[in-house]
Structure formats: C-alpha cells, structure tokens
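Below is one structure. I have some questions about it.
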Amino acid sequence: MADRVAIVAAAQTKYHPNRADVNEAELAYEAIKQVLEETGLTLSDIDSAVTCCQDAWDGRTIASLNLQHVVGAHFGHEFTVAEDGINAAYVAMSQILSGDHELVLVESHMKESQSDKSIIENAGFDAILMRQLGLDYTSAAALQATRYMDKYGITPEQCARVAVRNHSNAKGNPFAQSPMDITVKDVLKSEMVADPIRLLDTKPISDGACALIVTTEERARKLVNKPVWITGASNCYDTHYLGDRELADCDALVKAAKKAYGMAGINDPFTQIDVAEISTEYSYQEPLWMEGLGFCGRGEGGKLVDSGAIAMGGQLPVNPSGGVLPGNPNTVAGMARIAEAVLQLRGDAGARQVEGAKVAIAHGYTGICGQHQAVMIITNV
Amino acid sequence: MAQASPQKQPEQPEYISIKYDLPRPYHWSTGKYLGKLYAEAKENKKLVADRCPKCKELHLHAPTPVCPKCKVDMGWDWAEMPLTGTVFQYTYQVYPLFDPHLGKVFADPHPPAIILLDNGVYMRHRLEETDTKKLKEGMRVQAVWEEDYERRGQGFQDILYFRKIEE
Amino acid sequence: MAHRTAIVGVGQTHHASRRKDVSLAEMVGEAVRAALADAQLNVKDIDAFIFSNMEAFEGILLPDHGMIAEVGAVGKPGFKVTGGGTTGSEAVGEGCHMISSGLYDVVMVVSWQKHDCGDATAGISAAAVPTFAKGLVTGAVSEFAKQALSYMKDSGAREEHAAMIRLKADRGACRNPYSHLKIGLTSVDEVLKSPYLVWPIRLYDFCPQSSGACVVILASEKSAKKMHQKPVWVADFEVVHQEPFRAGSFGDPTGTETYSQHVACERLYKRNGITDVRKQVDLAEIYEPSTWEEISLYEHLYFCEKNEGWKLVERGATEIEGEFPVNCSGGVLATNPIGATPVLRIAESALQIRGDAGEHQATRDIKSAVATALGGPNWTALFLLKRSL
Amino acid sequence: MAALTEKLEGMDVWVYHGQINIPNTYSAGAVGSRFLIELRDNKRIMGTRCPKCNLVYVPARSVCRDCFGQLSEWVEVSNKGTLLSHAIARQPTPVQPVPPPIIYGIIQLDGADTGIVHMLGEVDPTQLKVGMRVKAVFKTKKQRVASILDIKYFKPLRTK
C-alpha cells in the first residue's frame, strides 16, 4: 500500500455478563469517550463513523439508530457493517485510503444478555434446509469440532489446553470478564454442552463495547506519540450450507490471510509475527484458525497448542489477553482483537505485554462455523 | 436495451414455503438517562427532559447522554415539562397495521399527534378524542396520567393520552 | 477520491409482491446474473462483494451469509452493510471507497429485499426505541402523513398535485418492464378515489412493498475503460445522517430545522460547482416513498424554490419529456424493495445516461443525473453520475 | 396492561421485557420446492448435478458453489450414506423441533458429493463414529408436509 493508515486510539469496556444498567448508546459511549480522551479529539472532529451492530441482536430495525448521537453522526456520515467489528475497521481503512475521510471513529457493541442466543442464532441458518432442525451456533460448532478432531486427530485434551491457557492469560487483562485458574481436568469434567464441546470450551454470555480511531499517517503523527499502522487486511466468505463445506479446513481464512500477508509483505507468518489475537469462541477453533492463518500446517494445530510456542514467553504468543473464551460478545470480539493488538504494539498491555512486539495479527470471524473470516496485520514500525 | 432479462423459472404447480412465528424476547434497558424520565413519571407523575449545556435545548425525544447537535456531553441538567399544550398536528390510522411489539394487527383508536407543549417543546403522543371530526389543529390539550402507581413505570406510556381542555 | 470509479454493469429482477418461484438467495442471484451479462463479465472477474439490505424485514440473522453460493461470492472478500432506507446508497458509496482506496479493482454491490418473507410495516414500526416510542410509531405511513400535512399547510398545494405525481409514476412504471405496480391510471380522479391509509395519505399516495434485487458493478478508471463501452462515472457522492427533531421522523414538521437534504446538497453541489440544479444536471432519480414526499423533495434537493414544488408538477417539468425528468422509471411509488431501492435509483440513472433505458428513456439527452436515497429519520444519500468526467 | 418493566435494584434504570414478534415466511423456490415435494410424496432424496464440476449437490441446489453454473440436472440419490460428522446438543432451547438431547449429523448419501445436515436417531451416543453407515427414516405419509423434517432422522444401518 502506498499510503499508511494509522490507529491512534483503542478502547474497550470491561466485559460483563449483564450490563442491564446501560442501553446500547451508553455502553458504546463508555468506549467512545475513552478514545476521544486518548486523542484529545471531540465528536465534532470526527468526520466519519463506522459502527457495527445487528438488528436481530439489538432488537431494533436500523440498530444504528441507537447510536447516532454518541458517534457524532448528526449531519455527518455513519456507516453500519453487519459482520464482526474487525470488518468495520477495514471499512474505516478504505475510507482513509480513498482520501474521502480523515478521522474515522470505529465502534462496535453488543448486549448478548438482552435476548435469547439460540433464537437469534437459529435465524442465521438457511430457512428451508437447516433452521427447522433447531441448530444454533454451538451445535453447529460441535459438528465442526467433531469433523476437525476426527480428520486430524486433535484431542479433547488439546482443546482443553486452549481453554486453560486463555483463561489464565485473561488474568493479566483488566477488561476480561472471567479470568480463571483452571486445569485440563476441570475442562474435561465440566458439563457437556454439545458433544464434543464442554462448558469451559465455550465463552459465556457477554456484554461490552469497543472503539477505535483510525486516521491518516500525517494526522496520526500530530495526534499521538505512538500510532500503529495497518499494513494488511482482508476478509473472505465461505459458502453457507454446512454439508457443502469441509469444516475441518477453513478455506475462507486461508484466503483472507493470504491476501493480508501479501499486502504486509509477510511470507512466514509464524516467524514474522510477534503477537496474535485470534477470535476463539470455542476452544477447538484456536488450533483450527492457527492452521488457517498458516502458523502451522494443516492438522498440526494440536501439536502447536502442545508445544508451548504460543504461550506467553513463547515464539508467537497467541491471545495474551485471553481472547474471546473468557467472555467477549459476538460482533465486538474481532474488533477487541485489534484493540488488544494496538495495546501490545504501543507497549501499553501491562501484565499481558509481549516484550518488543513489532508485528501483530488480529483475527475475527462472523457466522456459523466461521463462514466469514477477516484478518488485519498491524505494526508499530 | 443492454440489460439482460433475468431468467424466468418455468411455472410449476406447487411452491413450498416455510413459516416461522417464534417471537424473539428482549430485555431492553432504558439506561440512566431515559431511566430518569421513567423514575419521574412513575414516582411524581412528572415529565422531564435533559438540557444541553451548550445549546440549552431540551431533549425530550429521547433523553440522551450526548447532545446530537452540539456533540457534547449532556451532563445531568433536568427540566420539568409542562403537561399542557396545543395540538400542532394529528393524523389518524384508517387501516390497522401489524405491531411488532404486540405481535398482532392493531389500529390505535387514539390519533397520533404532535403536541406543542407550553414551553415550546414538541412532543409525540396520542389524543384521547377518537372522533376525528372533533379534532382540530391548535386544540388545547392536557396529559392524562395512568393513576395506578403499580401500572406506571412504562416511561412515556405512563401518560395515557392528551385530553382536550377548555380554557 | 484518489481513484475514479465507474459503473460498468447494472442488473435488476422483475419486482413483484411475491416471488414464490425463487428462494431469497435465488432471487438475488437473478440480479447478479443480469448485471454480469450487462457488464459482459464473469463472476470470477469480481474482486469483492458488498451486500445491502434491511435485515429486520426478512427476519434473518446475517442474510448475506445464506446467499454466498447463489451470488458467486464463495472464496471472495466482502461484507454486508445495514442501516436505514439509505443502506443501498451507502453500500455503493463504500464500493467506491473500496475502489478509490486501491484495495480492489472491480466491486459488486448486491442489494435486495424480499418483502414476501415478512411485514415491512411491522419492520419499520420496530425501528421505534422500544423503551420509549413503542406504540407511537406506526409504520412509515403515519410519518409521511405528518409530512404531507405540513407540506400542504405551508405550500398551498392540493391533493390533486399529489395525484399528478402518482399518474407520472404510473406512466413510468407502465413503460418500465421491471417495475412492480403498474396500475394503468388515466385520471387524477381515480387517484383521489383511492382509500385513506393514514389520513391524508391515500393508498395511491404510497409506495408498495416489493420483492426484488438490484446489482451494480463498479470498477476503477483503468479497468472500466476496458470493460464497458459506456461506463457511467460516479462523479461524487455524499451521505448525511441526522437525528430526529421536534417529534418528527422525516424532517421537522415545524419546517424550522435544517434538513439532511440541505446539508448533503450544499456539500455536493458546492464541490461540483452546481448552482442551478435544473440547468446543470439533466435528470433525477429520487427516493420518494409518498407522492407528497416527492413534491417536497424537489424543494429540499433545491430543484426549485421553497413551496414551489407543486408548480413544477403542474407544469409537467419533471415528466419524461419535461425539462428536468424525475423518476422516469416509475420510482419508489411503483417499486420499493427497500434495501435495493437506492441502488435502483443509481442503476436507473446509469441506464438513462447510457441511453439504455428503453421505453422509459427520457426525451432529452441525459449526460448527468442525481440519484438520491432517503432513510432512517430523514437521512440522505446523494450521488452525482456523469457520462464523462 | 401488566407491568412489563422492571426497575433495577438501587438505581433509576428500567428493563423492559418485550418482544419482536413478526412472523416470517420463506419461499423454497422452484428447486427447493421440488426437493421437499419429493420427500413428501415419494420419500425420495433428490440432488442436482453440476455437469461442469461433476458434483452432485444434496439437498438439491440451483447453483454450483464452485463454478456458479445453474443446475438443472436432477438425480435421485440413495437414502443410505456415510456419517461425516456428528454432535449432541444437550441443552434445551426454544428452537428445537424435538426435546434434547438431539444428535445432529452431516451425512454424505451414496451418490452425493456433499453432505446433508440432519438429525440421527435410534443410535447409542457412545457408538457414534465418523464413517458409520446410516439410512434415512421418513415420517409417516400423514406426517409429511414437504419440509426437511419429513425425514424423521437417520439411523445406523445395522442397529444392535
């Protein structure tokens, strides 16, 4: 890319199982206020807002109506992306590169506590061929988990290790909802939710918001001391019907990563990337997505989990924040990965800091069994 | 004409469709700002709005943490609204429409109206008078509260409608 | 914009109340194939997809995900946009950003609404803040009823003028092979005999709920010139949102507030040196959910002075053979698949500029056009399209 | 009207327990309808074949995932097939067609190149295995209404 796009601020609310005390606008504004304070900007300075929300979850037609005032959209631009929030940052990037906008506020929020997860998710399955079967994201994920584990010999212990590491990493993250010291045994003894997925292999219901400010290189240097740069980004769709997909191989992620790596000049992701934040809603997804991201070969995700290379202090720490498993809402999850990557690259990640991190990857997915995948490469040099 | 005509499927005798009618439950929060309006309505039968510290405009539709126009924090400055006003505009529903919150077809017999409250704030509500021949723009009206304390706590709906008054 | 963007293909379905012969995904696929045929492209030539609809109307979570195979987007980048009635324009706008940023060369904007899946009026009522205005918003009709009352009061226009707008729309619709409502009206009296929905909006004053899709293919300047003999250039666009004020939804019933249309026009017209729209632009496709809204949009979009919109109607200035044709296609009054409606305005404008609109081609030579959208609590999107830059 | 709102303890914030209730109807379209009608009337499971990619899609589809070609060649496939994956949903949800536990499976029917997503029945959960052979069990003629649920479930070919 000829021009560089900067992220100059990133903020998250503390994730919580039920934020009944706030409505969507107030929740979003908690994060927005922080990014404005970080940069010394006001809502009037913002010339475009990209939000990320879904009507079905918010229970309101044109869900972004909730947010117009807190993103400063009156007589301004507001644009809503209905995928995971990581795609909202991608849209912001295109707006900056096009030269049409200079300061873009990116926002994503979700109150999962507000409705019934299974009813909302079930409405995402093909109405003729799958919805009547009563599937939700968790039962579909279980189909993917079985397929993946069977095809490549991934074990329940390896998945449990993912849950243990992520919950433990979360202890260093002040925004984390449920940091925990658990053992592999605890995971394997936890209640079975949808075989082979157990309760501790899944994330809890979560409410929260995330905000970013994205701008041009020139403006970034004036605004903050430590801007970070988006050097590559892409996303990709897979087909919908579960029986048409090889669920054990995430082809869409492979394609999205390839494009982003190409933009960022990365040909060996495992050695060139210093820290990874990956959206892992179910523990089996971490090894699977790592394969898709090219951190290891197909079917080798389990071995990578075992190796310790992705633990704190390892060659490529994955999810120092604890990631999604300790509790991040849908839709916010991927954008929160960007926010965490920004903190790492600025050296502001506190107890979860990966020393000297220069190149980070943020990953987010949307839909059933990761039908839509998105990645973003961010650096501080 | 360069535009290709979309392919038409040949007619067949029977087409299948699949119906779903499971309601989606929600637990919507008023949040702090709208919550203040709820509290004043329930406890004191008062209608309140928050005032922008910059433009001083009152935001009754609905109370928000940020002034949409000035894009600044609203702070916490509340004003009580008068409960009398004039009908600025009204319509009436002839065809019943499907109400997504009720889950059924419904025509509110009370005409929807915009009422200019006596302090110059416009408010969207409904009128008590259902005989449309008796409605007139400029008509003086007053809010009628739900008198049962237990039934209040529904925010704007704690005002049942606006009633015509003679002055 | 860093790189210029052109429209190199447009396609739409036949619009109807119900499309039982196709699934939602298949219906959208029809428009995709039509646009590819128009652009003489293969789906493999498309670099990225942007999807647009109002998801609440069909009751589907992530509706784009269910049609990926049917639109040819398997393994392709893209995302879905959601929002108010302006959604389609915002998707095309973002498509332009994706190209002018240099990220992609050819982008397909896929928009649709299949209203036979649900109930659009109920869907619009669900836009009310549930904790606040529940029961105080009844579909879009009552909002436009208030707008009509305000306009009549201020301008001196009569119901006959609204009826003339329906007659104009119906004539357009009858000439447009893809339009939904083709009534075949012949007189103002016929319109005035139609029943009231919400006083003073009559059945014929309002748009239908259509099922249909529209697709626009955008390309960079470099590719566009190779791809299409008659590329249509996106000269500029502007999207302006606004908060509802003074208890009105579509603008301010008191007429004292600024409208988003004013802001959008002032920005876009100024950037493009437009001081007299009717002289400097050849045609408009506007988003008019009601007859009365069309007349007042003439004023808010500065096609004429305030309170003079109905005089343009009376003069026939906006008819297909008039000095400034508006909605030769029959417009929203004839066809309204909401998520696709703004994209239809852009696609129809492009056809007019190319001279490919067939029977509903405007009489005068169309070199430039304004395509608009209306949504949410009076949000505006404005596109300026040109034959040459 | 019953009190639909609830005040949060100790603060002036209210939660409104409401609903969005808009019934939805989805057309199966010509291809989907024919697939469902074959289930209902003839207990036949139909697919469509892409001649270019030489792939048989089951359930029948109108478009090829790989080449975007429109599919018009109908093929009947076997009601027996091989299990590609399985899962057991244990928690009750309002969207389930039968009470949990529900065993879900993806089955590649003989003659098909893709899997069909459905439920499994008459099976010991501990015996579930990728690669196991299963066959379709249809509902009775009276119960069949042209829906994916006209297949009651798939059961192991040789039950104990």
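General remarks:
Think of it as A, B, C and D in the order they're written, each chain with its own count starting at 1.
FYI, a residue touches a chain if its C-beta (ideal position, glycine included) is under 8 Å from a C-beta of that chain, and two chains touch if they have at least 3 such contacts.
No experiment lies behind these values; they were computed from the predicted model shown.
Taking the definition of touch as given, a chain qualifies here only if it contacts chain A and chain C alike; those chains are B, D. Taking C-D and B-D together, the chain pair joined by more C-beta contacts is B-D. Ranking every chain by how far its Cα centroid lies from the centroid of chain B, the top place goes to D. The geometric centre of chain A is 36 Å away from that of chain B, both derived from CA atoms.
Here the spacing of chain B and chain D, counted between their Cα centres, is 42 Å.
Chain centres here are Cα averages; for chain B and chain C they lie 27 Å apart. Residue positions of chain C touching 2 or more other chains: 20-23, 56, 59-60, 69, 74, 119, 122-123, 126, 129-131, 134, 243.
Listed for chain A are residues 20-23, 56, 59, 68-69, 74, 116, 119-120, 123, 127-128, 131-132, 239, 241, 244, each touching two or more other chains.
Within chain B, residues 7, 9, 12, 15, 17-18, 20, 22, 24-32, 34, 68-69, 98, 100-101, 155 each touch two or more of the remaining chains.
Taken as a graph of touching chains, this assembly is fully connected, with contact between every pair of chains. Of all the residues in chain A, the ones that touch chain B in their complex are 19-23, 25-26, 29, 42-44, 56, 59, 68-70, 72, 74, 111, 113-116, 119-120, 123, 127-128, 131-132.
Contact residues on chain B toward chain A in their complex (touch as defined above): 18, 20, 22, 24-34, 64-69, 71-72. Here chain B touches chain D in the complex through residues 7, 9-10, 12, 14-32, 34-36, 38-39, 98, 100-103, 150-151, 153-155, going by the rule given at the top. On chain C, the positions that touch chain A within their shared complex are 1-3, 23, 49, 54-57, 59-62, 64-69, 73-84, 90, 93-94, 96-98, 100-103, 123-124, 126-127, 129-131, 239-243, 258, 260, 263, 375-377.
By the touch criterion given at the top, residues 20-22, 59, 116, 118-119, 122, 127-136, 138-140, 142-147, 150, 192-197, 239, 241-244, 247 of chain A touch chain D in their complex.
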